[in-house]
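Next up: the structures, one after another.
Shared between the two complexes below is subunit A, which has subunit B as its partner in the first and subunit C in the second.
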Partner chain A sequence: MGGGVNPPVVTLVEPEDPDIGDPVGAERMFTAECDQQATLTVYLDDDPDPVYQSDPGVQEVSYTFESAPLGQHMVRVVAANENGTGENYWNWNVYQYADCHVLSGPYLDFFIRHYRCGSSGCAGGSGFWSNAVCLENAVMRYARAGKSTPYTNVLAGCYWMEKIGCSEHCYVELVFNLDIYIVAVMNSSLVPSFGHAVCAQYLGGEMDMFSNWRFFQYDNLNITPGDWQMPYGSEWQETRVEIKEVIDIPNCGQYDGRPVATFLIDHEGNVR
Partner chain B sequence: MTGVLGGEEHDNDPVGSKKNVIIALLMIAITVTCGILYWIQPIMQQKETEKVVEMERELPLEIQEELDDVRREKGFAVTRGVIDETNRTIVLYVVGMSDKQLNRLQEKRVGNWTVTSVPDIEYIRKMETTRAELMRLEKDPKMQIAGFTMDVGPGETEVNMWVYNLTPENQALDGQKIHGWTIHIWKALTPTPTGTKG
Partner chain C sequence: MSKIYVLASLPGAGKTTTALLLERHFLGQDLRVACLQQNKGQSDVHTYLSAGCCHYTVPLEATKSREAFERWAPRGYDVLIMEVTYPYTPFGAPYLIPFDAFNEVVPFEARADWKSFVFTKTLGYWKEYPSDTNFDPTELWDTVHDRTVQTIVTKIPSPLDGPCVDTGRVLHHPEGFVCDTVEPRMTLPKSDRAVIAVGAFPGEYREIFPNLTWYRFDYASFLQEFRTGTYDVAIIGMCLNERLKFRDRPERSSIICYQPSVYCDLEKHPKNLPLKDNFGSILSAIHEQAVGEPIASDGGAYSSYNNRFWTYRPHPEREMIWREKNVVFCNGWVLPQYLIREGFLEAA
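Let's look at the complex of A and B:
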């Protein structure tokens, strides 16, 4: 192999198969090699701007896409040197799983596994996905169901995905303006120590009446004491349920809250 | 008097001269003390009429109702209120108020009170210093931090922090104070395929 006067030839290394598919949101690394030293440039679809260009005089290029939009794509590698140009490409099908939840109404009634930041104005996420836990799931639920408009400048740049293979959603693609609060449920005497974040909807009346709140998180739209998300206290310590009004959302996975009501659940499930 | 202050008698009667100096010093001290009292007294009187409250429910009822009304636009916290019973003024120190809300509560007449809200700069500064430190820790993979929340309100200096996994590094942080804020570490709980916590 080597120089000569023949134009460079590009070979697909990883994946070797030119026809591949991934669920939406999945990362994919592409590696190609060239039989001569050349400048190797990676393109996506018909975009004339390359997604990556190597230095001159290399024989291998790798590039990882964080993900691509749903649909059929072409990833093309072009080699160029003094002998001419050569290219090769992959057909990359980015598909969506069929078992993703369909959104309807103000409540998200399933566990959301991933979140990331991105363009403002719900124009699309960018960067790698982070794992979402209870806190981010609570912020997502507040953003959709609650009075989150004052925080649109942040929330319209936040995106979630139920799981790899499901489509991406902006936190505030719809806002329902319900009276939603975020709640910390804590008991350090339980084994293991219990600390959880859920949401609560204020139903009206006195805020210090437990029955005037409905708690929800993940797939449970009505969490009650005794549920794994709101365990009874132990004999040594009651479970604290601290309800907080959101007063700021500095980023996609954080909130500042003003405590408005606190309830204690004893080891028999009594609430005070 | 001129003789008293004259150089000749000073030289001739050192005891009298010393006495005059002491009298002069006493007069100066009395004058200064009177002056200070003259200026300080009104301030002290004003302070006596002021009361600092930390809980919103300790504010006059009509002020609480006004705050509830302002809160319809956006949540915020009152960290303290300074009530001047004599002049019927209330200054509210707040965190999280929008500019619109702050403008709405500028020398606003509410019942028999005049209410003004101001950002609690000191509280906000401490909070942001703490947040910056926590976000720095968030970048450390050994901390395994998934996210955190900060409580805001009178005397509220609690941070709840969720971690993906417990590590010696994040467990060492549990219960510690950062710039006066107490950190509580919790292992994040998410559903497992069997429906229980994981």
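Let's look at the complex of A and C:
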């Protein structure tokens, strides 16, 4: 028999403030400690299944959430040992920035910084976000504006986010079935060596007529020779613009293409 | 009438184990049994609550006389078993004096010279305390022993002929325990309000509120219910962890808080205050003073009992009971009978 019971007490270590906020998509590590050895378990909201459980006999736990859905969350740490249980928690507000672009129409006219995989059927992404560069941005634009339906099984499991703090979008939440191609723009003689991916919309007519294509990427919906995204060639090498028909999309950031037209831009901006 | 078995000894002698074994023995005879303790705060209460016992705390004021004791003894039981700690101190001895007989629980290791064992242990307890008096830790020995005393040997390797508890926690010869009889007069009100509780709390609440869910020391589960559940009253009991803090304070229900430090930063009663009174003078004061009058010298070791309930007050700068919105804070082991009497608890 004994005098009384000394249950474990959990203290928040990092962040120390119990009320915190992060933009949607931001990673957050939580660290808590216990005043006695215990099993430490981390829960998110009302989910009875823990996101993490330590071995018995520890006094500190850290867990990093890749992100959480928009809204108010509770990250709760429970300590349990033979003396009883104790808990502590953070109120975690996951918010969205106000300056995120609003989608309308087939074209994405802004730089998209992040992508990741996730559930199929546009049911939501999972895992850490990866940085998106021109190739992924081109695939995203093709997926939305182009004839991407044959690749829905892959694309409906791909997600993008304009930047940390903006909401997540499925690559094919809307598909516009336009005649979109992916274009490689290359010139190894430029310093630094230039390689870029953009999209092109076929406007009709002869495919080997440069004027029958409209090139677009990032915030520019009509890229023309001389733009930073399609620089003139040098005296030693012309800039090569190779337009490819998409024949496969193996994952969220890659495509296989078959060339349908190639143009060369010399150092004075002439196209042939 | 109820039989009352009083078990007295120093801490660690096996009183609670013996009391629980005796309770099971009488329950096995289809008798109604209640376990009583002197008011010593949360100590050991959780053991009785966990064992499912009907548990009651006997306040110091109940020791003023046998009649006073009967006013605090619960009605409806055939057998009462009362555990008394430190029987030779002024806060243990009064619980024995109203009775004609008690059982002295003596661990096997100390059976050869129990009085010396008590002397040494008690002196050891007080050695850190500066004393203004010629302190005699067995001053009340004769007063306490001036009645029938039955020794119950505990932690014994093999059974004796007399009442004892062996190292396997088996009770032998329970018929040898001595008892007295009392006429219990205490009846507690009943309420159908839904109550949740955590930690150690006065067992009387379980009789007052039959619809009480006790989360033991599972504070995590309690707090989940505390935050979002539907209940009428929440009881935040005591535990030994003074670092425990609550961040939630629901406003829609009544909260009775026995560990105010979960919400407030409070000073604890200073430890090792000097022993300014001899044991006999405090014992006399308990018998002679009106309840609530001082029974120990101010600034002395027992001065924290100088309050209207004669109940240990851990935070001397605060009242025994105070209310903040829907929370009633108890500064010590304040019994629900007192809360009801003073209008802090509705039991209807």
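We adopt the following convention: the second predicted complex is superposed on the first by the 267 of 272 C-alpha atoms of A that agree within 3 Å, B and C clash if a C-alpha of one lies under 4 Å from a C-alpha of the other, contacts with A are read in each partner's own complex, and residues count from 1 in each chain.
We adopt the following convention: contacts are C-beta pairs under 8 Å (C-beta built on N, C-alpha and C of every residue); 3 or more make two chains touch, one makes a residue touch a chain.
Remember, predicted model here, so these are calculated numbers, not experimental data.
In the superposed model, A:140 lies in contact with neither subunit B nor subunit C.
In the superposition on chain A, A:230 makes contact with neither subunit B nor subunit C. Legend: residue contacts after superposition of the two complexes on their common chain; A:154 is shown touching neither subunit B nor subunit C.
Of the two partner chains, subunit C is the only one touched by A:6; subunit B is not. Once the two complexes are overlaid on the shared chain, A:170 sits clear of subunit B and of subunit C alike.
When the two complexes are superposed, the chain touching more residues of subunit A, out of subunit B and subunit C, is B. Residue contacts after overlaying the shared chain place A:259 against subunit B, while subunit C stays out of touching range.
Of the two partner chains placed by the overlay, only subunit B lies in contact with A:182; subunit C stays clear of it. Applying the stated contact rule after C-alpha superposition, one finds that A:249 touches neither subunit B nor subunit C.
Counting contacts by the rule stated earlier, no residue of subunit A appears in both its interface with subunit B and its interface with subunit C.
For subunit A in complex with subunit B, the touching residues are 111, 131, 133-136, 147, 150, 182, 184, 186, 188, 192-197, 218-219, 228-229, 244-248, 250, 253-259.
Against subunit A, the residues of subunit C that register as touching in their complex are 11, 14-17, 41-44, 46-47, 199-200, 216-221, 223, 238-241, 243-245, 247. Residues 71, 73-77, 95-96, 98, 127, 131, 146-153, 156, 160, 162, 164, 184-191, 196-197 of subunit B touch subunit A in their complex.
The touching residues of subunit A, counted against subunit C in their complex, run 1-9, 11, 18, 35, 78-80, 83-89.
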